[in-house]
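Below you'll find the structures, each written out as structure tokens.
You will see two complexes here that share subunit A, one where it goes with subunit B and one where it goes with subunit C.
Take a look at the complex of A and B:
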């Protein structure tokens, strides 16, 4: 059963990746989006580092890179969700649900596809940031931890969007797929550290799990101490919660076909 | 039937179809306001930098909502038109005497109307949360008119994308590309606060900069033709280029069909 599930997953992964690579309209935005954000935040907002009280060992480019890297992980999932929704609109998803011997493999395949997209864009992002002279003060192990933490974000995001795609089965909800992820990301300390935030945003950022993930990754990249265990716990918990949502919507969609 | 009547019929269908789908309307209203709230709080400390043009960051940032709403309108309009192309509705329309511009303008009316609706809400919410418009009531009305004009122009982008690709997913996938243009503009900081020269050059070449600065001038600068006229010119240019491109693409698509 496991090998059958895995073969379904790999087939879904292969299909999504081939479609992604073959269709520039799909691959370009997922590559361009994080790159432009990196340029816009690290380049355009560099004066923010002059705000009284701002201090980050790695410099403003590394500070912003962590946010953009996390965002890349989240958007790897969102773009995969578009794929699922379009598969429903074309009728392919229904045929897949009927044909796959172990349908759980379908969901796993989409999660793997989201991860593959994230690794692809993440690698390019790292390459460009390093060429641009970003300071990386963390050890190789800390950088690996940074990737793992972001991979959890990618999994959570894919499962969230997959759940939406199974539920609504239409690409019309594209904005609705992006919006909650955007909100969660931007309700974290994006431009300045948590200590410099004030008012309602500070309150929201304090309880936002993304804040802990960003703080841990900023600690990893600058080689400074961070609450890594808390960040991993929150990221895994978020992915588990999203898995429950996605599986529930998947079964609902499966029942409607059967 | 006159072109006006045809336009009214197609536009009515587009508007009612769009407003019947909360997933198309809610993000246009909510997302710009949320980003405004987040940026106004997250970047409020930059007003402490010497020479920043206002002491209230929300005054500086409010106009971004209008441009962002117009970008959403572009995608909503494009997605709806692409769906019509995919289902064959546009092909059936091509068999009628309706002119191409009527089909395009009518089909994008839904997206544009959301932006109009959104612009009014952004302005009202902004005023409730303390936005002060230096040019007064007349300035607020001009701001609204410019925002609506921009939204119609941007609907042309959606129309062109829809006709060129014929795929709602491809149109949706272009949203991030359009959206990032906002971040390569004077959205967050004035041009003279951008330290990196290469980034300042990108910002100067970005047409959205002129739209944002034109609208922003009405809020924090007072009446200034040097910012307002370029904004009108940019919106007009986008409208002419995109609707012309969409019309030509539609002709080719119909010929292929």
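Take a look at the complex of A and C:
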């Protein structure tokens, strides 16, 4: 069963990557959004770094980059999951479901494809940020941890969208795929540290799991101490929760296939 | 083929929202290596039946086994032995024919070498070798259907499901596909479950035919048996003068029971068969009824459908009404 699942997931991964290579427009949205944010906020809001109470060793570009990097991870997952809904609309999902003896491989394949797309866009983003002069004070191990943490965000968002795709089997649900992810991302300390937020936004950010993920990754990139364990716990927990959601929706839609 | 690759269906039911019984208590049995034609109009329940048999849709009631595996409880085992080409070939327009073969082979767990050799062999068999490196977005409808069939055969399935495989194909592509399906059954022993709304397709290709209407199996047998059940040849005549239609009906009524005919014509089932044709012509002459057209019809599967349901299966004949 394991080899069959792996074979299915690799086949799905290969297909998504072929699509991406042949049609680069597929990855443009998941790259364009974070790039616009990086250019707009890291440049336009750099004066925020002078605000009293803002003390980030890496500088404002690195501070903002961590958010943009996390956003890239989330978008990689969303746009990959979106393809599942497209496959349902076109009927291609049936081909996958009939051919794959163990359907878990299909979901795993899309998760791997989401990770591959994140890896690709993340590398481009890193390249642009480094060329733009971003300070990286963290060790290679800390940067690896940063990638791993973001990868969990990618997995969670792919699974969230996959669950929606299984349930509604239509791309019409597209805006609902993105909206909760947007809300979670923007109810975190995006532009300033948590300590500088006030009112309801501070309250929301305090309990938002993305806050801990951003804080840990900002600690990694600047080489500062961070609550890495909490962040990894939350990120893995979020991915596990989304896996349950996706699998439940899959079983609901395809009781006899699962 | 060593394994029993037949299909057994017992009292299968599929309910949809609003209490719609898309498939309503169907029993059927398909022998290993047999081509079974599942015939019915749009919305009769053909595709729902196929979706249940290929494990994409769980039955609401009843039981079905494919190659001995229960479709509701042994989905993975069923999927390893079946191939399926469903309505409207679902292909990825960005992928080439070769890449589709590679994907399909990967889904079935074939090695890279197997994917390559078997893929090339099948693409050649369906006449797509030259187009194998092109994106399928540029394929014609017939090419897509042929690729879909090749994909369904990649892992050497013992049971093949074809859901309206020739819809929209030109006559040449249709004949080529029929030939390949027949070869698969006769030479490779593949069991074929074929849904179609084309009478000719079921007649030419199927060893046995099941006719479904409103989710129920209304007739089953070999095409010859089913048509023999109707028995009589029918004669259809069109008067030169439309006002003669009633007189024509009265004359023809002497030779048999009224049958379905187009609005301008009159038809009867000849009680004593085609031998009565000369008598009919003499009677028309004696009654001074001029006819523009006179045709003898052998019983068709449409007649079987008409007899069982009171309706015609063929779209162009839906307007037919029994002669008065």
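The rule we apply is simple: the second predicted complex is superposed on the first by the 253 of 258 C-alpha atoms of A that agree within 3 Å, B and C clash if a C-alpha of one lies under 4 Å from a C-alpha of the other, contacts with A are read in each partner's own complex, and residues count from 1 in each chain.
Assume a contact is a pair of C-beta atoms (placed from the backbone, for glycine too) under 8 Å apart; a residue touches a chain by one contact, two chains touch by 3 or more.
Values in this document were obtained by computation on a predicted structure and should not be read as measured data.
Peer 1: Of the two partners subunit B and subunit C, which one touches more residues belonging to subunit A?
Peer 2: B
Peer 1: A:201 in the overlay: touching subunit B, subunit C, both, or neither? Say first, second, both or neither.
Peer 2: first
Peer 1: Applying the document's definition of touch, where does A:224 land relative to subunit B and subunit C: first, second, both, or neither?
Peer 2: Neither partner.
Peer 1: Which partner chains sit in contact with A:8 here, subunit B, subunit C, both or neither? Use first/second/both/neither.
Peer 2: second
Peer 1: When the two structures are overlaid on chain A, which partner does A:179 contact: first (subunit B), second (subunit C), both, or neither?
Peer 2: First partner only.
Peer 1: Following superposition on chain A, which residues of subunit A contact subunit B and also contact subunit C?
Peer 2: Correct list for subunit A: 23.
Peer 1: In the complex, go through subunit B and note every residue touching subunit A.
Peer 2: Touch list, subunit B to subunit A: 21, 23-24, 26-28, 30-31, 34-35, 37-38, 41-46, 48-49, 72, 75-76, 79, 83, 165, 167-170, 172-177, 179-180, 183-184, 188-189, 193-196, 198-199, 202-203.
Peer 1: Which of the residues in subunit C come into contact with subunit A in the complex?
Peer 2: 52, 54-59, 71-72, 75-77, 79-80, 82, 84, 86, 88, 90-92, 94-95, 99, 102-109, 135, 151, 155
Peer 1: Within the complex, which stretch of subunit A touches subunit B?
Peer 2: Residue positions touching the partner: 23, 25-26, 28-30, 32-33, 36-37, 39-41, 43-48, 50-53, 75, 79, 82, 85-86, 89, 168, 171-176, 178-179, 182-183, 186-187, 189-192, 196-202.
Peer 1: Could you please specify the touching residues of subunit A with respect to subunit C in the complex?
Peer 2: Listed in rising order, the residues are 1, 3-4, 7-8, 10-12, 14-15, 18-19, 22-23, 90-102, 254-258.
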